[in-house]
Structures are given as C-alpha cells and as structure tokens.
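In the two complexes below, chain A is the common chain; its partner is chain B in one and chain C in the other.
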Partner chain A sequence: MTSSLTIIEQQTAINHNRIERGLLLLAGFFLSVNFLGLALLQDTNIGHWLHFVTWLGCAVSGHLILNRYLPRRDPLLFPVVMLLSGWGLILIDRLAPIFADRQTVWLIISLVALLITAIFPQVLRWLRIYRYILLISGLILLISTILLGRNPSGFGPELWLGIGNIFFQPSEALKIMLVAFLASYLSEQYLSLRADNKMSRFAGRFAWLSPRIVGPIVLMWSLCVVILLWQQDLGTALIFFAVFLILLYVATGKTFIILSGIGLTIMAAFVAYQRFSVVRLRIDIWLNPWLEADGRAYQIVQSLMAFGAGGIFGQGVGQGSPDYIPVVHSDFALSAVAEEWGLLGVITVIVCIALLVTRGLRIAAAHQERPFYGLLAAGLSSLIGIQSLLIMGGVLKLVPLTGVTLPYLSYGGSSLLMSFVLAGLLLRLSAEVRST
Partner chain B sequence: MTIDIVLFGLRVISGLLLTGFLTAILVILWRDYRNAAVAVHVNRRIYGQLVALTQIENIYAETGARHPLLPITTIGRAPTNDIVIQDTFASSEHAQIILRNGQWWLEDKGSRNGTLLNGDPITTPIIITDGDMISIGSTSFRLALS
Partner chain C sequence: MTDFTREINRLLFGLLSALLLVTIAAAYWGISGTEGILQREDNPRLVEDEAAIRRGSIYDRNATLLVQSVLTDTGQLKREYLYPEAYSALGYFSLRYGTGGAEAAYDALLRGDTLPINWGTVFERDFLHRPQMGSDIRLTLDIQVQRELVAAMGSHRGAGVIISVPQGEVLAMASLPTYNPNTLNANWETLIEAPGNPFFNRVLQGQYQPGGLLQTPLMATLLLSSNPLTTLTADANQPVILEKTRLTCAIEPPQNDLDFIQAYAYGCPRPFGLLANQLDEATIQNIFAAFRLAQPMTLPGFVAQLPPTVLPEATPEITPEATNNSSLAQALGQGRQTVNPLNMVGIAAAMLNAGNMPIPVALLASRAPMATDWQLAPTMGSSTPILTEAIAQQLRDLMLANVQQGAAEKAHMPGMNMGGHTALAYSGEGIQAWFIGFVTLDNGQGVAIAIVLEDTDDVTQVARIGGIALSAAYDALNTPPQE
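Then we have the complex of A and B:
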C-alpha cells in the first residue's frame, strides 16, 4: 500500500519536474529572442547579455534546488514568476537602462528569498506563532516611514526608507506581514467565527456585532485611513482594505462583510474626493482625461496611445515608443508590454497573473482542515490579484489610477523581493497539500 | 534592410513562443482539472436511500418520504433510531442496514415479528441491492442506490 503510494508520488514529482522544465524552457527561449532583438537595435551592450545570463542562472538553479527540496510543489508557479520577472528585466533594459543592473541584483536577492521561504518549513510556523511581533514590527515600519520617509528621486510621495543609496519601500513588506498576521489571528478565531452561525436566531442575526469581527474591521479601516492621510498612498490603502475584507469573508462566510466594506469604501471615497487633491485628480482624469491630455492626464493618455499603437501583435521589442509615458518602467509596465508585444503580450501577462491567483485559491481550498494555511494562501493570492487588477485597470483607464506596481513585471526592488517571498510562501503551501 | 528582416523574424518567433507558452499552460490546466474531476468521481461516497412505500390494495406507492442511508442505519420504533417507524408490529430496535466493504447489509436485530426482504423473512445478515423491498410490520421501504 505505502510503496505503491510512493511510486505514484514519485511519478507525479517527475511529471511536475517535466512540466516546470518545459515551461521554463519556453520562457527562456522567449526572453532570449527578445534580448537578441534588443541587442540588435541598441548599441551592442555586454550588460544586456549579463542580465539574461543572470536570469538563466536564477531559473536553472531555482528549478534544480526546488526539485531537490520541494518535489511536491505546484509546477506552474515558478515558471510563471520567472517569465514575468525576466520580462521585467527586458523592459528595464529597454526603457531605463540605468536601473537595469540594480534590478538584476534585486532578482538574485529575491530568488534567494524565494528559496528560503519555500524550503524551510519553519517559516510558516514562525509566521503563525510570532504574529504579534509581526504586527508590531509592521506598525513600527509604517510609523518610521511616516516620520523618516524619503523619495529616491527627491520629490513626490515619501514612501521609502533609505540607507545610503539603497532604498526600500516598507509598504511592500507590510502587505505580506499584515496578511500573515490576519491569517494567523482569524485562524485562531476560526471556530468561534464559524460557530456564531449556529447560535440562537437572535444572536445569529447580530453575531456580526461581536467585537471579534467589528474590532479588526475598525482597526484595519483606521490603519488604511492613516496610510491615506499621512502618506497619500491611495493604492496601498485600497489593497490593504480589500485584501482584509476578502480574508474576513473567507474566514466567516458572511456576505454582510463584503457589502459593508463596499459601503465604507464608497464613503471614504466621497470624503477623500472632497478633501484631498490627489484623489480628486485621479478621479477627474479617470472620468475624462481628454480635457487635460497635455497636462495632468498626460500619463494616462499616453498609456492609452501605447495600447492603441501596439495592436494585436505589437511593434516588436525596442521598436515602439512607450518612452512617451512618464515613468513607464514602474507603474506603466503593462503599457510598454502592450505597445511592443501587443494584445498577445497583454493576454499572456493577464493569464500569468490569473494563474497565480487561481492556483493560490486552489491551494487555499485544499487546506480546508488547516485554517491558517488556507487563509494565508487565500490572502496572498488575493493580494496579487487585487494589486494587479488595480494597476492593470488603472493604465487601461478602467478604474482610477492608483500608483502601485505590477507584481514581478514592474521595476522596483522591494516590490520584486516581496512578490518573490509571496511566491515562495505559495510554493511551500502547495507542497503542504496532502494528496488524497 | 537585412536587420529589418531579422527583427521581423524575431518578432514572429517571439509571438509564436508566447502563444506556445499560453497553449502549454492551458493544456496543463485542462489536464489538471480533468484529473481532479476523475478523483472526485472515484472518491464519491456510495450513496443509498430508503424510499418509504405504502400499500394500496396490492399496489405499492411511494409516500414521498426518503431516508438517506448512513454507514450504520438503525430502524425501529424507539426515537433513538435513525429511521423511526410508527408501527405497532415493529420492535423498538428492529433492524439495521450497514455499509460493509462497499455493500449494504440488512440485519434483523432480534425483532419480535421479523424483517422481510422481498416478502421472505431473513434470519442472517444479507446483502441487499438496488430495488430490494424491505418490510417491517406493515411498513415497507425500497432500497434505491445511485
């Protein structure tokens, strides 16, 4: 009995390795073709090839190490992450070559972080048992950003902490810390949250009034307001609140939570529109950018132009002109993809992100008897999902633009590092799924 | 001139590779979900229920009551049974139906008036199957498996 099971397991492990290797090969070919195109167009620059070789080394070593230590992982996650991050390297080489070396170094650091979180099983346990330390250090990070925050470019919102020439955006780390804290807190409250349903009718109807649920809602809501007020960071505040609502909904199964969350968001949006110029600007240019196409809406209008210029198959790497969009390499990475790889490229990016989210939710569904794992997987995958939706919708003018990065693809060291840590956690969680 | 052709070729290859990546992902996903569906089908619990019957002049008609079977389902007059029957001919703990190795067994628990399977009284535990009729006193059930 047991021996046959291990044979089946070995078989699936071998199968998984083959799938991962195949997808990584395809991604590698795609990237090499594009690096070649870029090298032909720009001055022959040995640096580009160095970046590609670094990516190749990361992909191969990551694949081999994961094979060795984590044979039962989900085979789709790692190739998708590597494709998007390699694509991000091409974009930076193309659009902002001065940042490319820095991003390549971040890629190596991120891969190491991914492997550490994926391979060591203690990481999940630490996230669960040290949750208040996590929460407090997250809040300290937030406060220190408010007090000491800087901006590497010298102007704009001060969301970075810097030592010398190295900058880190604490809100990226804060996202994962908060998801882990909430997953841990809610999994401890899981039984009582669920049991409320079965109390007497009166108590059941008003169970949502219990401080167990209302307390964290108010706490998180005020935290988001703090981020919004002091940091003017609309995107991060929205992501925090949405992910928190989804986690609470997953834990309790009460539709009321989603409804009240939408209500609170609309309320906050109204007040913010009245009081804050940043929010008013974002909503005005979302409703009609064409009035100020040369002025405040220049960025979004140029992004729409880039989508139009790309067409179905795109203009080819290095042959479009996405550099008309200001700071295209960070928030507007998808517009650059649209112009140079066209609809096909955009669909690939969307499929990759959707894949990460759905696989994450599947992992969550497989962990029903272990609430912490389930909630953590659900929270992490909705984190990727919400953030990608906000920025992808933003550059397409489907939702008001909020300055967040597109995971894996955008330029940004802290964003890349935290996205890789997130992928590492998902890989670990996928390996923990018991086969039936 | 030649560099344009090379670049065009590279664009075509890059597009093809993207399509290939997408196709590979879709194929893997499709296989994965198909395997998951098969696993769900195999793991599904063997499901049976007792359909209560009433006798009207030698014709049996369904009363509409259906009792899903548990791995051990007890039948009798006492309210502690899984299926409680209001019948003066039934003993308080009359019979039970047990799932054993994937098959349903009917067993009389030493009742006073006996349990009939398709009209014959049973003495030992016996395997029952779809469509069998179980009678206790004047109450009858038909076994429905799915």
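Then we have the complex of A and C:
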C-alpha cells in the first residue's frame, strides 16, 4: 500500500514537473519573441539579450532546484511568476531602460529568496512561532520609515529606507509580515473563534464584541490610520485593511466582518476626503478626470488612452506610445501592456493573476487541518489579488488611483523581492499539502 | 474541526468576480470607448500618428519636384519646399499649425486617405505598423511660369493668377507678401503679426473692388444692345467724383474727347459713368451675375482653415467713405461688390474661349505610392458661358488693341498676340492697379492672366508684369516639355 502510494506520488511529481517545464517553455517562447521584436526595433542592443538570458537562467535554475528539493509543489505558480516577471523586464527594457539592469539584478536576488523560502520548511515554522517578533519588527520598520523615510527620486511620498543608492520599501515586507502575524494569531485563536458560532443564539449575536475579534480589528484599523496619516500611503493602508478583514472572515466565518469593514472603509474614505488633500485629489480625479486631462488627471487620462490605442491586438512591442504616461513602468504597467499587447495582453495578465489567486486559495482550502497554513495561504493569495485589483482598477478608472505596484510586472526591487518571497511561501505551502 | 471551505470559496468567487469586472472595464476602454477618447485633442498619439505619415510629393505640370518629405537626422519627417516662388501657391504643412494652400486642398490625397483599403493595407498598417503613405500629386502649375510671375511682381504687394484656356488649368498663382513654409513653426508668431498678412491668399481670399475692370462687362452690354462704340464723350478724361473718391483715367489719354473704345483703352471712367446712369439696378446686377462676379471664384480647399481668418489691413477693405451702393458706384466697380483675381482671370479667359469662362483647376494628376503611372484628375476642361461668341470676339479685338495703344501697352511683347486691359480701383485711402489679359498660342488655345497690385496706382507697372508673365506662359506652353 505504502509503496503504491509512493509510486502515485512520484508519478504526480513527474507530471507536475512536465507541466511546469511546458509552461516555462511557453513563457520563454513568448518572452524571446518579444525581446527579439524589441531588439530589432531599438537597434541590436546586447543589454536586451543579457536581461533575457538572465531570466532564462533564473527560470531554468529555479525549475531544476525546485524539482530537486520541492518535487510535489504546485506546477502553475512558478511559471506564472516567471512569465509575469519576464514580461516586466521587457516593459522596463522598453520604457525605462536605465532601470533594466537594476531590475535584472533584483530578479536574481528575488529568485534566491523564493528558493530559500520554498525549500526550507523551517521558514513556515519560524513565521508561526515568532509572530510577535514579526509584529515588533514590522512596527519598527514602519516607525523607521516614518522617521527616516526618503524618496529615491527626491520628491513625492517618502516611503523608502535607503543606504547609499540602495533603497528598500519597508511596506512591501510589512505586508507579508502582517499576513504571517495575523495567520499565526488567528490560527491560535481559530478554535475559540469558530466555537463562538456554536454559542447560544443570544451569545452568537454579540459574538463580534469578543475582544478576540474587536481587538485585532482596532489594532489593524489604527495601524492603517497611522499609515494613512503619517505616510499618506492610501494604497498600502487599503491593502492592509482588506487583507486583514479577509483573514478575519476566513478565520471566524462571520460575514458581518466584511460588511462592517466595508462600512469602516467608506467612513475612513469620507473623513480622509475631508481632511487630506492627496485623498481628495485622487477621488476628484477618479470621479471626473476629463476636466483636468492636461493637468492633475494627465496620468489616468493617458492611461485610458493607452487602452484605447491598444485595442484588441495592441500596437506591438515597442510600437505604442505608453511612455506618455508618467512613471508608466511602475504604477501603470498594465496600461503599457494594454497599448502594446492590447486587450489580449491585458486578459493574459489578468488570467495570470487569477491563476495565482485561485491556486493560492486552493492551497488554503487544502489545509483545513492546519489553520495557520490555510490562513497564511489565504492571506498571501488575497494580498496578490487585492493589490492587483487596486492598481488595475485604478488605471482603468474603476476605483481611485492608489500608487501600488502590479505584482511581478511593475518596476520595483522591493516589490519584486517580496512578491517572490510570497510565491516561495505558496510553493512551500503547496508542497506541504502533498505531504500531509 | 470546523473547516473554512465555504469562506475560501466565497473569497475566491469575490476576487474572481472583481477580476472579471476589471476585464470588462479593459474591454470597454479597448473597444467600445476607443472612439471618444482617442479623438480627443489632448491625445498626443494623434500628433505622433500624423507625424509618421509619409506625405506624397508635389510636382508641377512637367513633373518638376516642388515639395517632398525628407527624413531628418533625428528620424523625423520634414516637409521640404524647394522653390521660394511657389511658396504662396503650395501653402504649408505643419503638425502644429495644420495645412494651407495646395497642401490643404489635396491633404486627403497627400496623406493617403483616399487610397482603397484592402487586406494588404490593413495588414501593413494595423499589424506591421508601416507608416501610412500618401499619393504624389501633379499640379497644373508650371514652375517656370510661376517663377517669372513672382520675379516680375518683385516686392509689390498683390496677387496674380495665370490659367490656360480652354482647360482652366492654373499655371501660376502668386500672393505677395508670402512666407517660408520651411521655417513656419519657428516663425509662426511673427508671421501672424506681420504687416501685409502673408498667410492671406490674395488670389482666392482677396476682396478687391474691381474698379475700372468692370468696363469690360459694360462694353459687352453696349455691344449686346448694339449701341455704337464710337459715340464721343466730351471731356471724357475728366474724373468722376463719387462722394469723396475721385476716379481718374488709368493713364492720361492724348485728347479730352473720347469714344468708348478709347476710354476703354485708357481706362477712363467718365463715359462709363454716363452709361451707368442710364442703367437700372437690376441691369447692373444682371451684369455681375452674367460674368460670375456675384460670388468669389474658388479653388476648393485652397484656403487655410487655421488663423488668420480676419481680413488683413493690407487687403483692400470697403469703407463707407469710399463706397456707396448706388448704381453708378456699382457700375464703376466702386460699390459693395468685390471680386478676387480668379474672378477676373475668368473674364479674360472667356474672350479666348468663344465667351465661355473656364472653371479653374489646379490638380493635373495623382500617383499612388509605389506606382509609376499618373492618374489624370477627373474634372478638367469644363466651362460656363458668359458671352456670345461674337461679343467675345469683339471684346478680344478691343483688348488686343489696348496692348497696341493705351494704358496696357507696356504689356506688349513682340511676336505675340497679346490682349489686355488695365484699370484702377479705389478702396479707402488706397488705390489698386489691375491688369487682365491673354495671349494666344500657336495651336489656337491661349493663356489668361489677372494681376492686382495693392501698393501702386501706376498701371504701366502692372501691365509690364502682365506682359512678362504672359510671355513666360507662352514660352512654356508653346514649347513641349522635355521628358
């Protein structure tokens, strides 16, 4: 019996290996065609090929190492992450070539971080055990950013910590730290949180007043307000709060948490609109960008024009004009995709994000016996989903624009590194499902 | 153990629904919402697309290259205008300021908008992003005639137009002062403020009073009514006073008493004033209508759509002091009826064309990108009758005589059968000198001209310019172009 199970598991691992290899080949083909197109268009530049070869090296070595040390992982996560990050490299090569070398280096560092996170099982254990150290570290990072924060460009929100020319955005690490902390905290409270559901009708009605629920809500809400007040980082604050609500909902199974969270968000947005000019600006522009198409709403209007110019099939790599959008390589990566790869490209990106979210939540659902793993997977998947939705909705004028990156695709070393760590954690969690 | 499958499923449903919403929004902006947003004036892609279009070249009637698009060192396309003398006729193309002149009139052809769309063009344009290519065009202009006309006009301010008869092909068209379209972007602000308004195409947009040029229609009226042209008018050289304006002969005649033929030759208004007193308002309006003077003659599309749209101070304006709407003022060309040089060249051309006024055209042929054969423009050689053949013949003889003796005699060129008429027109404090004329070619066809100078009352100057220009046209059309 045991030997037959091992054979099935081995066969499954081989199949997954084949699927991953096939998908990586597909991603490699897509990227090589686009790198070639870009190289032909912008004179033959050795830099383009160096970046592609680096990506190729990362994909092959990542695949081989994961095969060796994590054979029973989810076969879709790594190819999707590599496709998006390679696509991001093309975008940066095309739109901000001076940052392309730096992003390529970040890709190598990120892959190493992914492999470490995925291969070493201790990482998950540390995240669960040392949750208060995580929380304190996160708070220290936040306070450090408030006190010492800088902006590499010399203007704008000071959300970076830097040594010399190397900058890191602590809020990116903070996202994962908080998800890990909350998953750990809620998993410890899981049985009692769920037990509330089985209380008497009266007790059940007022179960939300339990300090176990209200406590973390107030703590997180306060944290988000601090971020909003001191850093005026609307996007990060929203992501923190949304992911936190989702985790609390998954842990307790109480729908009213989501509803009250939405209510709190609307209330906070109303107050923020009254009090903070940056919020007011974003909401005004969201409601009617056309009045200031040449001024404060220039970015969003140009973004919508990029979608229009791209149409269904896009202008082709290097042949559109997404560079009319300021900082297109960072916040508006999807708009660049829309203009040069068209609606088909945008749908591909959305499908990739949907795949990451779906696979992540599937991993979460498979960890019913280990609430920490389940909540961690759900939190990380939601993090990708919420962050992507915020920025994609922002560049499409569905929601007010928040300056967050599109995971894996946008330029930004910290973002890429933490997104890879997140993927590494999901890979590890997927492998844990198999060994359960 | 309670599981959280339900919560995970709901969460998945919520996130996937939101992603679907994003997809729908992307589809909206990428497909349905495209038209409105891409056509906005603040879309910089429009300028970029426009800049990428390889406009066709412009040639003269003998396939001499006049305008071409050249690639600069920075990889951008630049329009190059090769002949300064043709600037005012060719107009301008500017990404910033639009088009004018021939560039505006044949913009669709030059951009390639008129070319048929098939799978090949769709593939090249939408998939390979090849730049849109426009057709080459061949104008009816003859660069040699154009150069001679502009050279003869020198530093004068005014307009001149030459057409072939009976085809109505515009051989030359000059409006002075003009501008250099090669440096338009750099000088635009200066040019729109410049005295004399160089953007104003005087041939087409000018609103000149015809003055003594209306003597030709009046002579036609006399001939139609069988009145003798030899009736003498005493003191015919005396001026006609129209309120504050004193209308004189174009040049001083040799004697005081003149018949209509002599008055016509010397451009003296008095006999025609006396004739006009016998005409009623309706008759005078009929004369204007018969000679197609009621509306300005146009070459479709030639007038720039962009500023300046106001009348420049250099162009004669009708002022209350100088004009009134009486029958006398109207008949002497000093009423509110104004004309442009294209109106007047039609009258001269009708004399050579059995009383039929050719409809002017400026486009000879076009050639699709990469093609070798020219396709002739469809609307050539039409005309509209304004006189009987007999009257036209008599008027032609009178104009031929004018060049032998009279105010137009400076136009005379030995060996050429040339006719003409000079006149003065008055507007405000300015006086304009007019010349209309023609020369017959060896093949029985001919060339007609109309010139107006705004800065002189010396009709001998305008006649001399007319003679030189007609001579150049004669040489050009009588000598077949070398292939």
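To be clear about the criterion, the second predicted complex is superposed on the first by the 433 of 436 C-alpha atoms of A that agree within 3 Å, B and C clash if a C-alpha of one lies under 4 Å from a C-alpha of the other, contacts with A are read in each partner's own complex, and residues count from 1 in each chain.
Operating definition for what follows: a contact is a pair of C-beta atoms (placed from the backbone, for glycine too) under 8 Å apart; a residue touches a chain by one contact, two chains touch by 3 or more.
What you see is a predicted model, and the numbers here were worked out from it, not measured in a lab.
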{"item": "Contacts of A:Asn34 with chain B and chain C, given as first, second, both or neither", "value": "first"}
{"item": "Touching partner for A:Leu23 - first (chain B), second (chain C), both, neither", "value": "first"}
{"item": "First, second, both or neither for A:Thr348, with chain B first and chain C second", "value": "first"}
{"item": "Of chain C and chain B, partner touching more chain A residues", "value": "C"}
{"item": "Chain B versus chain C as contact partner of A:Val317, first or second or both or neither", "value": "first"}
{"item": "Partner chain(s) touched by A:Pro71 [first = chain B, second = chain C, both, neither]", "value": "neither"}
{"item": "Partner chain(s) touched by A:Val250 [first = chain B, second = chain C, both, neither]", "value": "second"}
{"item": "Shared contact residues on chain A - chain B and chain C", "value": "313, 316, 319, 347"}
{"item": "Partner chain A, residues of chain B touching it in the complex", "value": "3, 6-8, 10-11, 13-15, 17-22, 24-25, 28-29, 39, 43"}
{"item": "Chain C contact footprint on chain A (complex, rising order)", "value": "194, 197, 246, 249-251, 253, 293-294, 301-302, 304-305, 307-313, 315-316, 319, 321, 324, 338, 342-343, 346-347, 350, 353-354, 357-358, 361, 364-365, 368-369, 371, 374, 378, 382, 385-386, 388-389, 392-393, 396-398"}
{"item": "Chain A-touching residues of chain C, taken from the complex the two chains share", "value": "1-9, 11-12, 15-16, 18-19, 21-23, 25-27, 29-31, 33-34, 37-38, 40, 42-45, 48, 126-127, 129"}
{"item": "Complex contacts: residues of chain A adjacent to chain B", "value": "19, 22-23, 26-27, 29-30, 33-34, 36-37, 40-41, 75-76, 80, 83, 313-314, 316-317, 319, 341, 344-345, 347-348, 351, 355, 436"}
